[in-house]
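Shared chain: chain A. Partners: chain B in the first complex, chain C in the second.
Up next is the complex of A and B:
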């Protein structure tokens, strides 16, 4: 059973956070260990397996990028694995330049400005995914997801850089 | 996780950090990245008139193993011909630095980077030959 089906939700990119939470809490109640204490061991085991799978589904679907990557995999988009270089020179150039700018940013304000710009790019690219999924344009989905991963990683790096500057170790 | 002394040395004192002029005819640039971890690695070589790599530089944004792997490669390729440099294998890098299994992909990235830099240099040379032929006609 895929993560969407497990939560009784349609397999779609757009997912309202409230709807997801509601579906998750309902599932949690259904498989809560307290309800199975008096049940035979095989039912208890099933409940604990279901609860774990439910948590896994919720974690994946809650994060918009993880959700998009998961949905893409369901749709048969071939995502590059670990240890293989990316075949998108423009993306690499963009990533390299962004990371160089971040390295040179010496103040919290400068880091925040870069992070805000990249965050904007991330949101825009994420929004753009919707129509790509509708068109089932697999190469374009793959390309967009790769870029989103890089933009997401940049956000992480920007937070780390900010902390370093604040601590005076940057 | 215990890292080898060589790895830590390359990470703490990376060799040949920097950039060469990407637009120059005698410079080959390799730009690679690992999608899963979001690392980017740039490796550049400058080839002399004698066909030997006279300088190499790198810039890597990634984990310590990725930095060490690219640092080591720049050190190894200097003084080599591009054909020799092309034979560097990720397994040699991983072995030299004693990379843990989860970090093997960093050495793969470094091998990809030197290969990409060599390919870029060769493409520039081929372009130059075409231009020369055109000029001769």
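Up next is the complex of A and C:
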């Protein structure tokens, strides 16, 4: 059963956070191990498996990027597994330039400005996914997802850089 | 195994079989413990004859025999310091390297030979005792108190643990309950229990933070409360930060003052305990006053000490700042802003320190919630959960795993399988492959922590998946599954999937396999995020280079004859250069040397390919070839 089906949701890119929570809570009300403390072992094992699957589904679908990657995989678009490989020359260039800028950013303000710009790029690219999925343009979906992954990772790196500057170790 | 399970009341198929006994909630604290019971959603702490709910978490093994727990045990500290142990919770699932000293002396006597690769044991009253059995004495005392108050047998309990407790400490707590004759219905995280008590009592909804600073541990959790659902969004903490550290700072300053005044003290276990006891009293007095004083007597020599609140605050400001840093990281993990927090609940005796209250209020921008006694709130929440688990309830408690769980991969790197703050229970798998041709076994090393390198994380277990059928490197598919149950306890299994040979091993990590101070790990990971990235890049370059070398060596062994002596010499030189680069710390040097070697060996690779084609054709006769040419 795929994650969408498990939560009784349509397999779509757009998913309202409230709707997801509602479906998830309903599932956990049924299967959380706390409700099976006094049940026989086989029922408890089943509940534990179901609750774990619900958690996996919830965790995946909650994050918009993870959800998009998962939905793309359902459509047969596979991404490199490690999430780091970049096989797109345009993206490679973008990544190298951004990394240089981050290394040169010496103040919290400069890092924040860069992070905000990348965050903006991320949001824009995420919005753009909708039409690609609608057109079922698999190569374009793949390209866009790889870029989103990179932008997401860059946000993490910017956070680390910011912390180091704040602590005076950067 | 199945015989044991039959006796677990939770597994009794009859729904009402447990009615004769009661289920209580227990807060097994570093400094104090509390037992509580809930009936029809109304929790209450159980008191002793004197009306006290708090049981000091102190155990004594008096020279006269027997065991004392609580206030009586504490009173024995002055007379028989070597027979009394306090703050045992800090040692649950820990090794010798995790212990904190006062002026270089431990307030415990360690049993020689323990705590190196296992949990540390203490020598008390002339006998080696483990933290598990000492904690069990506290749990037994709480159980007796509950049975006396309720006039019924008590056999089941929800026991709380710090959210940031690792697998080893959780397992140790569960074991202690077993020793005390209590079945653990569930281990619940302390901040979650506190939120439960608040949420159910006040009907609060929205985003709430719980700031829990106890005697020995700090937790910060962020929860969403909504129509009976208590969803933990993120948690963080430090299992070695609490009021004990404040006491230690005061005690060390007093001992230093004595030295300065020319007193030649022999600072031993007893002296440290006496200084700590006085320090705690002085700390507590400073919650209501601006200054205090105390008299410390060591080996019959008294000294007088004064302490002002600003002095004390200077001593603890580093620790308090650290709690606030952790709190900010938890907010960031949950992708939430401080302004979105509806309220912050204060838990733990150390939140009585005025500086702590003021700093938390300033950070959150709202006065903290202190309506429920911070010493009792965790036990009350545990009691509510015990009632919910045995009697049924509409409340839903959704918690998370506090620390990332992963495996060691090539180059000493950690591959995270279950990221921190993943909702539990959870079962996640990852596939790994072999590194060398014909590799028949794979060492699996399970670690817990946030850092990129294995050496910086806590080692939980090691096992080997053997019997992998011979395959070329990268062909095997080893699936490693991590399962974390609702108590936060981990089980790891592994199987090789290409061959259908179900090689399956299950491992329950045992405690104390490594003594890294895990509390520092998350904190360090922030300090070292950049350094970690750099180290990861170097490690990856090394792995890549070694893989190339393995392939080259295999080719040289098989087809080395295709090379002239000169060519072979050049390749060998480049090979040595790469090996040297791998040993170094310069990633660019490794990459450059690897590329150099690849360029040099390119003609060799081409010749091997030609030879391969020739060999493929060698089965044919000249006539065959000619006839083909003629076609």
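As a convention for this text, the second predicted complex is superposed on the first by the 166 of 170 C-alpha atoms of A that agree within 3 Å, B and C clash if a C-alpha of one lies under 4 Å from a C-alpha of the other, contacts with A are read in each partner's own complex, and residues count from 1 in each chain.
The definition used in the following text is that contacts are C-beta pairs under 8 Å (C-beta built on N, C-alpha and C of every residue); 3 or more make two chains touch, one makes a residue touch a chain.
Quick caveat: nothing in here was measured; it's all calculated off a predicted structure.
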> If chain A is used to align the two complexes, do chain B and chain C fit next to each other or clash?
Replying inline: clash
>> According to the stated criteria, A:19 is in contact with first (chain B), second (chain C), both, or neither; which is it?
In response: neither
> When the two structures are overlaid on chain A, which partner does A:157 contact: first (chain B), second (chain C), both, or neither?
Replying inline: both
> Which partner does A:146 reach: the first (chain B), the second (chain C), both, or neither?
Replying inline: first
> Does the superposition put A:167 against chain B (first), chain C (second), both, or neither?
Replying inline: second
> Is A:59 in contact with chain B, with chain C, with both, or with neither (first, second, both, neither)?
Replying inline: second
> Thinking of the overlay built on chain A, is A:32 touched by chain B (first), by chain C (second), by both, or by neither?
Replying inline: second
>> Just to be sure I read the superposition right, which of the two partners does A:51 touch: chain B = first, chain C = second, or both, or neither?
In response: second
> Once the complexes are superposed, what residues of chain A are shared between the chain B interface and the chain C interface?
Replying inline: 157
> Which of the residues in chain B end up touching chain A in this complex?
Replying inline: 31-38, 40, 42, 59, 61, 104-105, 108-109, 112-113, 116
> What does chain A use to touch chain B in their complex?
Replying inline: 79-86, 89, 91-93, 95-96, 99-100, 103, 146, 149-150, 152-154, 156-157
> Considering the complex alone, what residue numbers of chain C touch chain A?
Replying inline: 5, 9-13, 15, 18, 185-186, 229, 332, 385, 388-390, 392, 396-398, 422-428, 483, 485-486, 526-527, 529-530, 533
> Okay, in this complex, where on chain A does chain C touch?
Replying inline: 25, 28-29, 32-35, 37-41, 44, 48-49, 51-53, 55-56, 58-59, 157, 159-161, 163-164, 167, 169-170
